[in-house]
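To start, the structure itself, in structure tokens.
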Amino acid sequence: AMGAGASAATVAGAARADDPAIVKLPAHTTGLGQPVAARGYGSPSQWERNLQRRESPGLTRVSAASVSFAPLQGMFGIITPNGLHFERHHQGWWDIDPSQHRLMINGLVKEARVFTMDELMRLPQVSRIHFIECGANTGMEWGNVAVPTVQYTHGMLSCCEYTGVLLSTLLDMCGADTKKGRYVLAEGADGSSMTRTIPMANALDDVMIAWAMNGEMLRPENGYPLRLVVPGIQGVSWVKYLRRLEVGDKPYDAKDEVLHYVDLMPDGTHRQYTSLQEVKSVITTPSGGQVLLDKGYYNVTGLAWSGRGRIKRVDVSVDGGRNWRTARLENPVLPKALTRFNVDWVWDGSPAVLQSRAIDETGHVQPRLNQLRAVRGTRSIYHNNGIQSWKVAESGEVFNVQLN
Amino acid sequence: AMGAGASAATVAGAARADDPAIVKLPAHTTGLGQPVAARGYGSPSQWERNLQRRESPGLTRVSAASVSFAPLQGMFGIITPNGLHFERHHQGWWDIDPSQHRLMINGLVKEARVFTMDELMRLPQVSRIHFIECGANTGMEWGNVAVPTVQYTHGMLSCCEYTGVLLSTLLDMCGADTKKGRYVLAEGADGSSMTRTIPMANALDDVMIAWAMNGEMLRPENGYPLRLVVPGIQGVSWVKYLRRLEVGDKPYDAKDEVLHYVDLMPDGTHRQYTSLQEVKSVITTPSGGQVLLDKGYYNVTGLAWSGRGRIKRVDVSVDGGRNWRTARLENPVLPKALTRFNVDWVWDGSPAVLQSRAIDETGHVQPRLNQLRAVRGTRSIYHNNGIQSWKVAESGEVFNVQLN
Amino acid sequence: QSQAKTQAAPAPKPWADIGRAATPNEVKAWDIDVRADFKGLPPGSGSVDLGMEVWEAKCASCHGTFGESNEVFTPIVGGTTKEDIKTGRVANLLRPDYPQRTTLMKLSQVSTLWDYINRAMPWNAPKSLTTEEVYAVTAYILHLGEILPADFVLSDKNIAEVQKLLPNRNGKAFFEPLWQVASKPDVQGDACMKDCKTGSDIRSILPEFARDAHGNLVAQNRVVGPVRGADTARPPLE
Amino acid sequence: QSQAKTQAAPAPKPWADIGRAATPNEVKAWDIDVRADFKGLPPGSGSVDLGMEVWEAKCASCHGTFGESNEVFTPIVGGTTKEDIKTGRVANLLRPDYPQRTTLMKLSQVSTLWDYINRAMPWNAPKSLTTEEVYAVTAYILHLGEILPADFVLSDKNIAEVQKLLPNRNGKAFFEPLWQVASKPDVQGDACMKDCKTGSDIRSILPEFARDAHGNLVAQNRVVGPVRGADTARPPLE
């Protein structure tokens, strides 16, 4: 029957056997459990082991210059638990002694300055929820379908509540020349000493020097004890293990601004300094590599986001984009943060193609993959914000597909 | 000098020695770190070990019927990381096989029904951020100061993004008689099979049957795989390991409605069914048991919340309540959720008493402890939402105090 | 809180038939709650005599032979008087100096005691008692509290009469403002901003001997930041 | 995003003097970036000859003797021509069938190469090279790419001339709409709701042999919920 779970199919009217999971009281109903603070810092249930961050085989050659993807197919809401936050390292991650960590600010400033963590954490602070997306997210799919699940198509995406001091506060304290100094260089303390150029407009607006994510200090994998948070801008600019900021009058042409995170166009040029993560969305359940248990009702759910601001609307199609219905947006809907959407769907058992399409507050509409390709070709690697298609086969199995 | 960190005091004009933490490049700047997915599910930095959930010695006799408190003194923003969520168990915690878990709904319904997790997780879902506070939070302090830090005074408090189905959806599906059925009993599957009566008004408004917190499934300590979320209502009603809901025409007088979570008044009566968590706030840094490193500027930060809705305003006093200044509220400010506030303070080195006072959207103003005592006496244990005072001594050490 | 944007569902409540009807045995296995009006109470009975046996075998190790132990929990028995049984109000609840509040001092519904023992006790083997044992041990506890005589047999037939003997049966008050959001709070603060009248001298502070009672606070605070934890192994800083 | 409610601070920026001035040595130790206009480049030089020694001792194991290896990373050298050196545009970047994009195919600023080697290479011992070695190995890579002759000595004096030889020096375009929020996007979708024109037949799907390339998906999905992971150890369900 429509809506019957595979594990609990029922013949209407027929006498039903008692479920042993109910009539035989389980051990936890007839026994004494474990004490409080058995784990001073807890972990997920043993039954949740399948939800892990994972590498995509063959994507990179060495794991210390690689990516691990967040398991979006099994996640909920907009907050990414810190243990599942995606990773991107260029020269491996470290667990740095925070009492020995320093932040230097130099360049076009009245006085080059140094801060300890004690000092930074005394400054006026803000807490804000923002998404972070790698510029290469969905990058394997510019040409053709390459990976099976939303973990690998879209899993370089996370969203946390960050706490830190605004970069504008620090620039002001050092007497930065924000007129001549149109750029800020951010530099990490790891082996790669990652450098990225930040526009002064962002620097004076909402860029943060953050030490905390989701209520606790940053995780080592995410830059403990200090990282740059650049709302709306691709993850590579969110420099981890942040050690230095330099105010300058020119961009810096760092390795990751000249050799990578440059978008190859059909005419053979590379677009440089393409930092913004444009309006995008994806259905996370049901999604590629999942199998629907039965026909009937499903709550189709997913995520939408835009580097330009708030999400205004999300539409969902189940017929490959011919007809669309507007989804419910869950609260809160915040600027440059993930937004969770949900929409009703009754699956009649015939093949279907599921898509979602986000629109942000600037009126930017997420394009179809082919609209994107018509302008940018198929070899860019970066900034693929095209509409994702999931094909539901008659068997209930869901496949990653691209439409004509 | 004002604002000089103890670890980096500087004599203006004097030549300063180079900081070895800068000029001697650390190992992480000159080496190769660890690979991605070294930890498929990550954990906090080794340097964060001090921030743990902890029992308050002497509060309870046995740890499986006890509380562990969240370390608010070192936390940020409004989201509680799941590993630090406070715990309250009556008969210990379990890690239940979710495929064997069932939810039954009976009582004043057209049809008593049973749901598997597969079935529940197919239903229309919502994601919302709400605080949970134990009704006994700050309960040890009705009479006198009893504990040293904000972990123990206010740490039965957490805030997560929950995902689940609205109770109203389930009641509708079972054909609940919501007119005669003025109450819903919620029952857990653990040894205590915790039962609590929920008013039908709440049940039809914002009560959720949740399976997820902060993007992942509930933690075992918090009711995996299913718990009731009763926004604005004390934590004991957020029944964990939820196995049954019954619609009834009378309240149920459960053990935790007759023997506990009843508020002893000066006249010797107990107020029963006192569930609402009223407007409240607390400064988390600086707070009891902490030591200020130096004179000068501090960002005073804390949390505010109300079971009646949104926080409208938070004021902070540094002179024991004679004069107040309004704090900055961080976004988002959501109904029945924690709200983070920050306010500037320059400590001149003389003794000070820090207080915060929240006002919610209904106009309810957080009372002074003595205003509360004047009505409710000093023996209630539950629902102490009085203004918290932290005394900063000349030494910089902060003490938990109560004023006349 | 939900968005106005919600679209019309493709059909009215297409999820309506997810789940299934519960069988009678299933409801019986889980619907164990007993209400104040004794709805849910299974027929049966149990004597104080049997209750004593059960108590001594399965309860006394934690709660004490006379229900007086505070080893694992607050005492169950004590603090009630013959006079209380008459008035239905426990007089000791008015005494701020009375050392503890026992279960029987607070108990206003006998159903609560029956229901809770039936669902949760013995603590390490909940739901292991027979219905007769639950009647019996409930009766025994009330006997220990000098509410029921030694030869009493508690049953579904006489339990409503026993309710009328509870020392604190009239001790509860329903207080709407802490139940309903819309109600007017009983305690209101004031929003004064300047030169507010407030007694600002310190009335209570943690006594010196309790300084280290929660462990050394230096180890409960971060190693960096605007503050450190106080080293409570030593006296306060000067 | 911040609230209008912000109160006046007790004094203007009372946090202004938190932190301290950096010493000259400290700035020197960390301010290592080299910009396209060679701001930040330390004086010095290094020969192709020395570069070969450094390369073979410290780089070739990962990047290959000729910078051609893709064992640990995409090749550094290859894909550029004498013609490219003239035009400053790498022709192979126009060929969709060209197997890979090497470092030298993309490199538009020689400063980038110098800066990156200086800060990050060798990968397992970053910042261990002397300034001379960085000049030398940079020169050697450009020599492997047939951009510099075997007897070249790269220095701060001649590096601006070397810049003019880079095969892809004219290959970059600044594109404001992906840099500035306020700019107009180059690709706009459409918000059509009904009977939209769209090619809806499937153009691309994961090939059968890649079904299990990411491991068994049944083990990457939850054990309960509305769906399960596909068992990719078996062929797709019928």
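So that you can tell them apart, the chains are marked A, B, C and D in the order they are listed, and the count of residues begins at 1 in each.
Here is the rule we use: a contact is a pair of C-beta atoms (placed from the backbone, for glycine too) under 8 Å apart; a residue touches a chain by one contact, two chains touch by 3 or more.
Small disclaimer: the values here were computed from a predicted structure and weren't measured.
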item: Any chain that touches chain D and chain A; value: B
item: A-C or B-C - the one linked by more C-beta pairs in contact; value: B-C
item: Whole-Å separation of chain centres (CA-atom averages), chain C against chain D; value: 63
item: Geometric centre distance via CA averages, chain C-chain B, whole Å; value: 21
item: Whole-Å gap separating chain A and chain B, where each centre is the average of the chain's CA atoms; value: 27
item: Approximate Å spacing (C-alpha centroids) for the pair chain A, chain C; value: 44
item: Chain D residues counted as touching two or more neighbouring chains; value: 1-2, 15-16, 18-22, 26, 30, 123, 126-127, 222-226
item: Multi-chain contact residues (two or more partners), chain B; value: 3, 5, 8, 19, 22, 29-32, 47-48, 51-52, 54, 62, 74, 91, 98-99, 104, 114, 116, 118-119, 122-124, 126, 128, 191, 193, 217, 225, 243, 293, 297-299, 330-331, 344
item: Touch-based graph of the chains, sorted into line, ring, star, complete or other; value: other
item: Which pairs of chains touch, using the document's own definition; value: A-B, A-C, A-D, B-C, B-D
item: Chain A - residues contacting chain D, complex; value: 47-48, 50-52, 54, 56-58, 61-62, 65, 71, 73-74, 90-91, 104, 106, 111-115, 119, 122-124, 126, 128, 144-149, 151-152, 169, 172-173, 185, 187, 191-193, 195, 199, 201, 206, 232, 243-244, 246, 248, 250-255, 257-259, 262-265, 267-276, 278, 285-286, 289-293, 298-299, 307-309, 315, 319-324, 335, 353, 357, 359, 362, 364-368, 370-372, 374-376, 378-379, 383, 387, 391, 393, 395-404
item: Touch list for chain D against partner chain A, complex; value: 1-2, 13, 15-16, 18-22, 26-27, 30-33, 35-37, 39, 70-73, 89-91, 93-94, 96, 101, 103, 106-109, 111-112, 115-116, 119-120, 123, 126-127, 171-175, 177-181, 185-196, 198-206, 210-211, 213-215, 217, 219-230, 232, 236-238
item: Residues on chain D engaged by chain B in the complex (per definition of touch); value: 1-3, 5-7, 9-11, 14-23, 25-26, 29-30, 123-128, 222-226
item: Chain D-facing residues of chain B, complex; value: 1-5, 8, 10, 16-19, 22-23, 25, 29-32, 98-99, 116-118, 121-122, 217, 225, 296-297, 313, 325-331, 343-346
item: Chain A - residues contacting chain B, complex; value: 3, 5-8, 19, 21-22, 26, 28-48, 51-55, 62-64, 66-68, 74-85, 87-89, 91-102, 104, 114, 116, 118-119, 122-129, 160-163, 189-191, 193, 211-212, 214-221, 224-225, 241, 243, 293, 296-299, 301, 330-332, 334, 340, 342, 344
